[in-house]
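One chain, subunit A, appears in both complexes that follow, with subunit B as partner in the first and subunit C in the second.
Take a look at the complex of A and B:
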């Protein structure tokens, strides 16, 4: 592999372009398997990866492709049932895999530092940032005030305002973006030779993602360390990394300089992966390509199912065009942040958090509306209000002409037969002690709808969403994210709703599975004339699937209209900012 | 997507399996089958059935009348005639242990089962119900726990008179808060989770959410707690009997055997050993059983799916 110094001109390697690349990490023929009941499952198969000194290497692949297994093997943080079958991982000529736990302890946090996916949970909630940041300097022979000063300097460097004042604070007093900055500061304080970042931007909003990536790039160049950056987000890897490694089912299918991998992919999997990225598809399309197809396959509504019985009925009863299916008028939702008594005593006249400040929207049958906003914009709160999961303060929600908020609880419950919700986290929204067959047919049981047998109905629904039928006997924790998402779709569709509210339907999915889920929803929408409300911050998919888009910020609607219009010509400054923050899919 | 294709025979079998899996008898048979496959579960099952059977058939197995006195042979060490020796009145300890098992199991099993049931119900309601109900139930729990068990028992005995059912009543009332609190805390944590929100979004009824979705998730921990409570309940029974508030002499109970032995510890250790042994076997047996059942009920810990 010859070095391509595309944009890391600060790195030491770049100053001597004639020299062959010196690798800080050389992984050779690494195979890792997991011990499971009745045998082994391969996690990594003969992986060969090198990390050049002072460069950033990106590892991409779908969930389960082995990218996490690879970095956890390097740091000896593997799951208990993992067994290293063969191979070595040399760091500066010493095999990391042969090190004792004690030797490893010397390396981690000193020569190798890590940044984890979720900054909210990777800091200890009961200790202050000061305590945690001084504590990790235990190797240094410095006084407490010197350690504290180093912590302040590190926080200043990563852009935390007023670090002296913020240092004694606790993790819950910081936002997600700030916490990730703190994690980066902690990781880089020891000036490591190698920084490992495991999906460090996945839990963050799009605009924060760009900031964190810029910060990482700057700091990496400043310290001159090497970096392994794991992500399933192609755009991020394309922007940040010098080299790209593509993994699939425990294999490295392709690796090389990022520009080559992105512009001239050799392996069929990489080509498909890039083709599936909605951000790279210029023309808006409702049918996204997937790993297995161009998105043109047709999913049949299984005959004999409850859904099929609704199919004919709905097509013969067209919606009254004068009336919207869903009509939300001036919806306001607030949550108390202080008790009434405490507010009275402290003289606080408005002891509420105003989550939604007067949102109005309409949605017709067969239409897709996207609500886009960052976390905290109130988009999920609106969705939950439609389902009756919170108590709006004022406003009206008309569904099929009936006002929901003034309804009695029982009558309101009955309307839920026509509204289904897909939750953000596909696995934790499934009851953990129930089998998939019971889970997907539960809506039919709850609403007392006619169906011949639970087992038969489960079989039809599983077939429809493209899952093998023996999944009926599985439990939620045995599913992958994409499989659980399909179960979520089956469950939402079982009762044949008129409206599906989908909260981040693509969160945590890699691009090809994203396409499969969206195509599935789209086709069933066409067949059954369902209205879909998508709540998301993923602008790349909104551009393709939504008819209309509504941008929310801090509980307000800042802009709404036809999706293509908004993307082509954003009016509001916030919308422009949001669109600009969307990471560009191609390498620079 | 080759993994997604499979033959239709397999799928029909899978669907038939789901239908079969949902019958009560099948669940029981399945649980038993899994239990005896686990070394710990089998061990627990053997220990528990030994204790239960020997208590049930005490009148058949016991070589002597448990209350027949033989003053000449008092405080004897184990021999071929008296397998576990004799007590201070010359009664055969082995026979007393067998008969004592009847009282011990009667008190321990029934009071723990009742306390578990009520604690579970109240805990679920407190954890998932409205705030005022939570406050009310917790206040009740705190009130009950603020009485020392013995003082509370004295009050109850004054009202109802000493008997086995008095002991059960006292134990049930004082143990409900322990189970209730554990269930409440777990229920509250579960109520925040997305799958409960998903059930509410589907308009699932409160009983459905509580008993179909919450209950299976909290029962595992409770089984462990309950098995470890069995010796505690048996010692409470012994303590109350010692104060003359529970089982009246000469009726044998494990508690009274240990207590009597304690008074004569300078003469012989055998009554204490004889009374303590079944207590150890019972505790171990139920703990093994509880732990194995928890693993079986939790699909994440169940390894063979």
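Take a look at the complex of A and C:
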């Protein structure tokens, strides 16, 4: 085979004997650096990768490992401050890096096609699918109706129902999964020699992910193109790709046939990366391995702090054991989808979307409950109801024995102090103009913390979530995804809550950072006896953090019970389907 | 789409009704007896009473308001006792001059400002962008009457290229256009800066978005991407600005009209206020308000036409 590890000397076994496979792309000694204020930062360091014709090659690595830099360098779509230092990328004997922008434009959309990460934003919102799909055929000497027919054929191929009717529609009228299918159809129409897919399933639900991967695999075989598949999801790469390239800090640390890389990783980084994947850890554990440390450091709570005093107070006044911390009874939430007048005119007796159809659950202090479901299952709506962010139609929510829904707004505000929220998108849920110190102490100030003790509290909270103290003066855009998530935890902890509601706490994080965040939550729970409600669609993490799991589908609870029991012996067909849709962690 | 049009139009009518009601009540809250103002200090009580009945002032306020709306609907904006003419005649005589001025000013500002903004975004942080930025902020900062006075001094008084005052001979289109150049330049200059800055920032945002990357990845020509794919989105905030701008200029063109001694709505209102000619003020402001609402509503319609997400919203 042609995949060779030339750079990385510490992965000798990756040196495979040469096989007569022709390459579609041979990247040699590629180095890319980024111009930043006061110098350069390396993006890629002497990368050597070859893509065999007709094969699928997977590139894995954490964010910042250079995997995206690599594919955007190949297609000359990289950021403006990127400078190619050295190297070449031959495609059919021609160096892609030496091409002028005009020559590159000729290749793109013909020989090379791309599929991107977020289908929701990858299409122009003000143009119909029809216009966008016919526009990209501008080079073809066809009549408009022929181009339209090609678009219809491509949409049919990727499984969009009624393509003739859907074609004049706009992107916002499609679901995420459908949009990704449309993007794939666009790439398919180009009949490329090389298809580059940049995290095409990251933004999708687990069951959609499997469908998209199957579709990509089918189409790749059908067109006979080569494919570069970039992902941080090890399971997906293992299932889909013939070859795997592992990148770390701009280096290729290991490459070879997927089966070899997964079953017999040579480089220490690959070994750790595989070990960190929660999907690959067979035994449920509350201490997930992470990249940074062998064990997980235990963060001590400084004695004499506000939190420590709260803690002792809590411990000396144990809750009445007969009473649950959170007790939701037959919660129903509906949203109007038609105005009352329109419903009256059209005779629609039920003009509502029933998002939550009678959900009951309990949660005790020190316990973690996971609500699992796909998008649209109503899991986030339940969480919002607990926080008072929406108006349930019927049902009861008891928190610490008090009914929240019938409570007056003022009394409810007091109770709210004991419930904290960790939001899904960590960076955009932090105000970009505020410093971290101000952000994490904001809940305290709202609830009456004196202004001068702010800095001290900020230090305490940063220490608890394991962030260096000088982070207090940083702004959100200076944080990585994992660090922003830690700030989210710190902000949730600020009011020393009894319950933390975490909405997709690990979405968009690399496996090792996922582990860090989950460990942090687990450990804080142990120390502070907090109840945690996790809302997620990621089954792999649920197994390791949740004591009990509750599966939701279309607003209904389909199954609930001990996490281990559900995983070992799912009862409901939907649960079985969900577990089956979870991408298998190992190559098959 | 039709539902959106209907709702938006209904809202526009409602806004006009509310604005006119507020205006009517405000005028009536002004102290002083209109009859004594109109008839002068030597009027007898009988004369005043007769005029009261003639003007409908003996009716309760809501009846007055109702008949006022009724009159508006039949095109009657009132009667100007000073010139002994219908207010609607006076207003609609002046309106075309102002509309022509605003139209020319906004069009030239848009024609220059939009490409300037586009190229500033494409060549962001180059010398071209920096110079356009300085000039744009400069034109925003200079008040339009200063531009008017200086352009008058330079191009008419010193260079004799263009006529100084008036609006041109009646019926002579060429002369009217010649008289339009300087005022339109003065009124539009600040808007060049506004538009170019706004287009630049929204264009920068759009050019950095994922769907533009997709268009590039499919090898669409770069001019196509910039001027069809990106501009279509980046222009949306500018359309709104232009709608508000037209409404704003209805009264802001006053400076240019005074400096260049042009007829127009602004000058009409100014003169009417100076002579306490309330029926004319009322009628002129009413027409301006209606035009303002029409302009912003039109901008909303154009936005809805350009952006399918907007149509879907309501």
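In the analysis below, the second predicted complex is superposed on the first by the 558 of 588 C-alpha atoms of A that agree within 3 Å, B and C clash if a C-alpha of one lies under 4 Å from a C-alpha of the other, contacts with A are read in each partner's own complex, and residues count from 1 in each chain.
In this section, a contact is a pair of C-beta atoms (placed from the backbone, for glycine too) under 8 Å apart; a residue touches a chain by one contact, two chains touch by 3 or more.
Please read all numbers here as calculations on a predicted model, not as lab measurements.
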Subunit B and subunit C placed together on subunit A: clash or fit? clash
Worksheet item: Between subunit B (first) and subunit C (second), which does A:77 come into contact with in this model arrangement: first, second, both, or neither?
Response: second
**Asked** Which holds for A:287: it touches subunit B only (first), subunit C only (second), both, or neither?
**Response** neither
Max touched-residue count on subunit A (subunit B vs subunit C) belongs to chain B
- Query: Looking at the overlay, what does A:37 touch: subunit B (first), subunit C (second), both, or neither?
  - Reply: first
Counting only touches as set out at the top, which of subunit B and subunit C does A:106 meet: first, second, both, neither? second
| said: Just to be sure I read the superposition right, which of the two partners does A:122 touch: subunit B = first, subunit C = second, or both, or neither? | reply: second
Note to self: With both complexes overlaid on chain A, does A:138 touch subunit B (first), subunit C (second), both or neither?
What the structure shows: second
Inset, instruction - Quick one: classify A:272 as touching subunit B (first), subunit C (second), both or neither. - result: neither
*asked:* Looking at A:458, would you say it contacts subunit B, subunit C, both, or neither? Reply first, second, both or neither.
replied: first
* To do: Could you tell me if A:183 is touching subunit B, subunit C, both of them or neither one (first, second, both, neither)?
  => second
Clashing segment of subunit B (vs subunit C; choices 111-119, 129-137 or 147-155) is 147-155
As the complex stands, subunit C meets subunit A at residues 209-222, 224, 229, 232-233, 306-309, 312
Subunit A partner, complex, touching residues on subunit B are 1, 3-6, 10-11, 14-19, 21-22, 193-195, 197-205, 208, 212-213, 216-217, 297-300, 303-305
Touching subunit C in the complex, subunit A uses residues 75, 77, 101, 105-110, 113-114, 116, 118, 121-128, 135-136, 138-139, 170, 172-173, 183, 186, 190
Residue set of subunit A touching subunit B in the complex reads 37, 291-292, 384, 387-389, 413-414, 416-417, 420-421, 423-425, 428-435, 437-438, 442-443, 446-447, 453-456, 458-459, 466-470, 472-475, 477-478
